[in-house]
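Two complexes come next, and they have one chain in common, chain A, joined by chain B in the first and chain C in the second.
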Partner chain A sequence: MIRLSMGRRVFVVANYAFLSILAILCIFPVVHELAISFSSADAISAGKVNFWPIGFTTSAYEFTLQKDEFIHATGISLLRVLLGCSLNMLLTLLIAFPLSKESVLKFRTGYVWYFVFTMLFSGGMIPGYLIVKNLGLIDSIWALVLPGAVPIFNVVLMLNFFRGLPKELEEAAFMDGAGYLTSLFRIYAPLSLPVLATTGLFTIVTHWNTWFDGLIFMNSMQHYPLSTYLQTVVVNMNLGSMSLEQLQQFQVVNQQNAKAAQVFLSIVPIMAIYPFLQKYLVQGMVIGGVKE
Partner chain B sequence: MNQKLHSKAVLALLASIIIVSGCSNSDNNDNAGNSGNTGTATENASPEASGSVDAENASPLGKYETPISLTVGRDVGANDKFPEGDSVASNVWTRIYKEELGIDVKVAWSALTGEQYDQKMKLNIASGDLPDLMAVTTQQLAQLVENDQIADLTDVFNKYSSELNKKVYQDDGGIALKSATFNGKLMALPQQGSALDTSNVLWIRQDWLDKLGLQPPQTMEDVKKIAEAFTKQDPDGNGKADTFGLGITKTMWNGSPSLEGFFNGYHSYPTIWVKDATGNLGYGAVQPQSKQALADLQAMYQAGWIDVEFGVKDANQVNQDINANKIGMYYGKMYSPFTFMDTASKNPDIQWQSYPLPSVDSTPASTQQDFPVQYYYVVKKGYANPEALIKIFNLQLEVSYGSNADLIKRIQDQLYSHADDQQITSTQVVSAPIVKGGLPTQNLNQYLNINKAIADKDESVLSNEVEKTNYKYVLDYEQTKNPSSYGTWAVVGPKGPFKVLNDYLNNKQFVLTEFVGAATPTMVTKKSTLDKLVLEEFTKIITGAKSADEFDKFVQNWNKLGGEQITKEVNEANASR
Partner chain C sequence: MKRLNQLPLHLMLLPGVILVFIFAYIPMSGAVIAFKHFVPSKGIWGSEWVGFENFRYVFNLPGTMQVIWNTISIAGMKIIAGLIVPIVVTLLLNEVRLVFFKRTVQTLVYLPHFLSWVILSSILIDILSPSEGIVNKLIVALGGDPIYFLGSNAWFPFTLVVSDVWKEFGYGTIVYLAAVTAINPALYEAAKVDGASRWRQIWHITLPGMLPVIVLMGVLSLGNVLNAGFEQVFILYSPSVYESGDILDTLVYRIGFVDTQYDVSTAVGLFKSGVSFVLICVSYWLAARFANYRIF
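Right after this comes the complex of A and B.
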């Protein structure tokens, strides 16, 4: 057994303490929100709820799960993640693979710059809106999926990962009569599980969380994905601009616990998949991020 | 990578920066206007602009023989709910517009009222993709007028508006219409609100006041005494020094709690434009009267009567303290009961009472009132039937306040056909018309009528459906202390803040902003910086980080950072109106 030096021990303790505090700082808001979602309205408005529910009630969850808008928006978000993630992964693979072939692809660096350029600069909101509108995509799920179909950051990650794989594997495949497509899907893709998991997680989280495109590309509120819908729910209402009738409804609607329940339910899917992909995350990032 | 490629990359980067900066310009008025103009030009040329002008009936509620089509950008309230089968696009109101007026409303797009709607509207203006009828902000209105994208409503307003419609815009002294008038032309129908409802009152825990044997405040000295007693004499009787005398927030203005009422007690009107000593318009916050108010707040802060953490607490957090029995006095608005009802409704011992603003001297304090119009309804230029907007609003007002019994019955039968539905209360369906707004005194009248009905035990004075509903709530709370009726009772009930508001009105104890209308050019660029400056400097003075004498230096600073230019522009704009 190796004995740790004094300095080392101090460092380890301090390090763990620091990281634990950091972790707690990240977890507490979630726990707080969870506690609110299970608390009664008067306890919440008196600011009594911290990390444990006061006046325990599940009514917020019953209310939320019966809400058609919430269920519908969740459906749209799931479809969006499914379509968006598959499209992103396919296009990322198809673009990263040729770009990783330094010796074969002519003007390779030019292509890379072409893609990286779009990562740094965008046309802006209004031109983007006009393109989507003139393509007739307004109010369609494709407006949420197509504009971000090629995530360049992921392409760069994957391209670097591919370059780190031994060329000999592909050469051997070619000897056996494989073409580039076979090589990509039978050799490279299976070997790239860490980077596939990493980029997959990125795209899932992005598609699940992005709300602004839902607002500008959807003309009808019933087409909002979950994140955009949540934005309409949790937005702080300006009481001053309300009529008396609206204020009366405010007493019905101002259910902090219902808001918290919806926010909490919306993070459940991401929390559910994260543990399964997390083990690949570090590996994928490190290998993909290094350029040799 | 070789050297050549590097220089190419640099060139590409440079080019892209130019492109990007060009693009970001599309946010600003000029370019947006250009694209918008091309949009309207093609719309103008399209044949559908011919419409059915000859077929329409010229009376305020006349029905179009051949239904006309009207596309709208629809703002949806956070609380709007629709019965089974109905939606934003097709609901009881769209059916009423079609049946009664022959107007076929099509929702081009919808978004949540507020920031989301504004964002969507901004996008539509910039891309020149406007619906026929839409609600826009003051800023957007000015932009649309400058770009010549919206119709002149002067003639249709004069010709088609009903008596009620005219009354809505006369009862405020014509100030709302004035804000929508550009070079003598009425370009929009303001969403009329109530300036009176924005008045400030002083909310006090009556039960604490009684317990400590104190009298309601008449002067600012009394306010300080109460603040001291509420801090030091343990009004909640829990044996702990955990209460504060006066609740204030980090954002200071706008809302409840807020500080306008405190400043009004010193005859300072911080967030509006007032006539200064020389007769010119000046911004309230930088007028000399603010100095004494700040000095007194500083003294109260140093005495421990104000929460030392106020600088990090927004209205929600301060309201939590209020609900947690930590604060017994604050300046706020008439709607405050809705923020403390969660606890007050369930515990009848908690008694909040509103009082008129105490004054620092022998002159009674006047409350400042904010300009209540936040949205303007405009019609796209080239739309064949701009009067449709006026008619839609006429119809709505007729339903709310009118005397045409047949029509009202026909419509109310539809409106309230879902009133039995558990999920949908009648008021929620009512809140979904396209053009909103009402008489500036509607809430006050409601208070007066309801309390007359209670005093005389005579329900016939209640003039409309909303008053009848709320009358029931008020009675319900008076008799049974039912918590869910508390909010309505506390606002329009016998002890509610409208008594104070009514006195303000009758005694002319109010100050309205002298400047209405679109932001001046320097306001657009500098106002947010200046607002921040006011907030920062005021916070510093209150917390004692700066002495109150630094106020004069702050005023100089404010002027230097654009305030002087804004004041000049405001005075010019006001003179030219």
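Right after this comes the complex of A and C.
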């Protein structure tokens, strides 16, 4: 074994310790919420709960899962993810494919600038709100899905990926009488599954987490997706929205306790896809970075 | 090669073109209400032109200059910290020889990036509370006075920057780690033969290997000089810290949705979009010039 100098040894130990602390700091919020959500009200108000549940109880989860608003908001979020994600992926393919045909497509540069310009400049919050309002989309799920339906950044990623694929594949299909549509869905789309999966996972996270559009486009709470519901009802603790029965039940459960349970439940889907995100993360970055 | 009719290609683009037109270009044209006295019943085009009246009004408000300063200083601190911290962590991770440890740390530090500010703020409010939060308990235990991180103007911008770094530094290391793995190992071996110490190797091989990516990230972040992080500030701030924490985006929100002065709000938003547009163009130009980076 190579002998390490004293200074080097100190550095190695300090380095491992420091990186461990960083990692713990990043995982701490999730562990802390989990611990609080399973702890008894007394332990929480005494400030004893940090990493581990104290006075284990599942009452906060019983309270949360009986709460219609929570279930309803989760349903809206799931629908939003489903609609938003499939629309995003379909449009990514439909836009990236023609734009990758550099020598074929007429007005290609014009199309590219038409899309890219929206990455550089925007009309702002109020004009964006007014168009949604004028289209009558207020309180509709489409208000959460349509304004961001064309993910320009993903289109650019996919476009660069398509350009890297060998043209011979497609030419062979054309010889056999295939058209562009067949080429896209039978050749290009299957080949781009890894990129599609990466961008798809990111889209899921974005749709699940986005809350601000719910806040401005939805007039009443019953249309809020989960993230917006959490922001207004849980984080800001709007007690006025509860029925008497719920209030009584709420007194049994500690505020913080119920809050943590709802916050934690909302992280569960993200934790579920996190291992996959992780796997594609570096891969996707590398794919996106490929430039000619 | 067989020439195909290219009509299907244009038809494929059509849905995207229409959606972008409706949700990006119509709002851009709708931004003309910044130059009008907007009356909802008259609509965008029926309202009366007032020139730069809305801009004059908002820039003469006493707090506006402070808001611009807050935006630039918070965003600037975030950009600098967001550049340095991931670089340092990458260098430290690169010194780790235990693959399992390295993987685990990487897996854990990416996590906060995927949690929304709604989630993180509920935790931050908890742990930063002056009476019960774990951070202040620690400060008191060490003999200090509790700090009201989210309620005092002296601490609020600092809290924003630190919590933003906490959320994003792990994710930021990805590009740098990719750059480090691309460095030719032969360079390190040659350096060892020449008797270069660890520090020398970092200074003369690892850092220069990362430099193109560092330059690229630095240049691209120029476009964010007016993005101080709307969601984070919106969730964490309160009237007592408007003085130090109010930024352009939150001002746009309050003028627009709380005071319902659509025209004035749009004027502030247009000011921000305009300046950002110039900055982004400059940053892309610099990136193409110095880092050979092109988005398409």
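The working rule: the second predicted complex is superposed on the first by the 243 of 292 C-alpha atoms of A that agree within 3 Å, B and C clash if a C-alpha of one lies under 4 Å from a C-alpha of the other, contacts with A are read in each partner's own complex, and residues count from 1 in each chain.
Methods note: a contact is a pair of C-beta atoms (placed from the backbone, for glycine too) under 8 Å apart; a residue touches a chain by one contact, two chains touch by 3 or more.
Note that the coordinates shown come from a computational prediction; the quantities given were computed from them, not determined experimentally.
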*asked:* Touch test for A:Thr109: chain B only (first), chain C only (second), both, or neither?
replied: first
_Of chain C and chain B, partner touching more chain A residues_ = C
*For A:Lys48, select first, second, both or neither according to whether it touches chain B, chain C, the two together, or no partner.*
first
*Could you look at A:Phe56 and tell me whether it touches chain B, chain C, both or neither (first, second, both, neither)?*
neither
*Give one of first, second, both or neither to describe whether A:Gln231 is in contact with chain B, with chain C, with both, or with none.*
both
*Does chain B (first) or chain C (second) touch A:Leu130, or do both, or does neither?*
both
_A:Phe121 in the overlay: touching chain B, chain C, both, or neither? Say first, second, both or neither._
both
*Please indicate which partner A:Asn219 is in contact with in the superposed arrangement: first for chain B, second for chain C, both, or neither.*
first
*State whether A:Phe276 touches chain B only (first), chain C only (second), both chains, or neither.*
neither
_So chain A touches chain B in one structure and chain C in the other; where do those two contact lists coincide?_
47, 120-127, 129-130, 216, 231, 235
*Enumerate the contact residues on chain A facing chain C in the complex.*
8, 11-12, 15-16, 18-20, 22-27, 29-30, 32-33, 36, 47, 50, 91, 94-95, 97-99, 101, 104-106, 111-112, 114-116, 118, 120-131, 135, 146-150, 156, 159-160, 171, 174-175, 179-181, 184, 205, 209-212, 216, 227, 230-231, 234-235, 256, 259, 263, 266-267, 270, 274, 277-278, 281-282, 285-286, 289, 291
*Contacting residues of chain A [partner chain B, same complex]*: 41-42, 44-48, 109, 113, 117, 120-127, 129-130, 133, 215-216, 219-222, 231-232, 235-254
*Mind listing the chain B positions that touch chain A in their complex?*
1, 5, 9, 12, 16-17, 19-20, 23-24, 26-27, 32, 35, 76-79, 87-89, 107-112, 114-116, 119-120, 123, 126-127, 129, 193, 198, 254-256, 316-317, 319-321, 323-325, 333, 335, 338-343, 346, 370, 374, 425, 427-428, 430-431, 436, 438, 443, 446, 466, 470, 484, 487-488, 491-492
_Per the contact definition, I'd like the list of chain C residues that touch chain A in the complex._
1-2, 4, 6, 8-10, 12-13, 15-17, 19-20, 22-31, 33, 44, 89, 92-93, 95-96, 101, 104-105, 107-112, 114-116, 118-123, 125-127, 132, 134, 137, 166, 170, 174-175, 177-178, 198, 230-231, 234-235, 249, 252-253, 256-257, 262, 265-266, 269-270, 272-273, 276-277, 280-281, 293-296
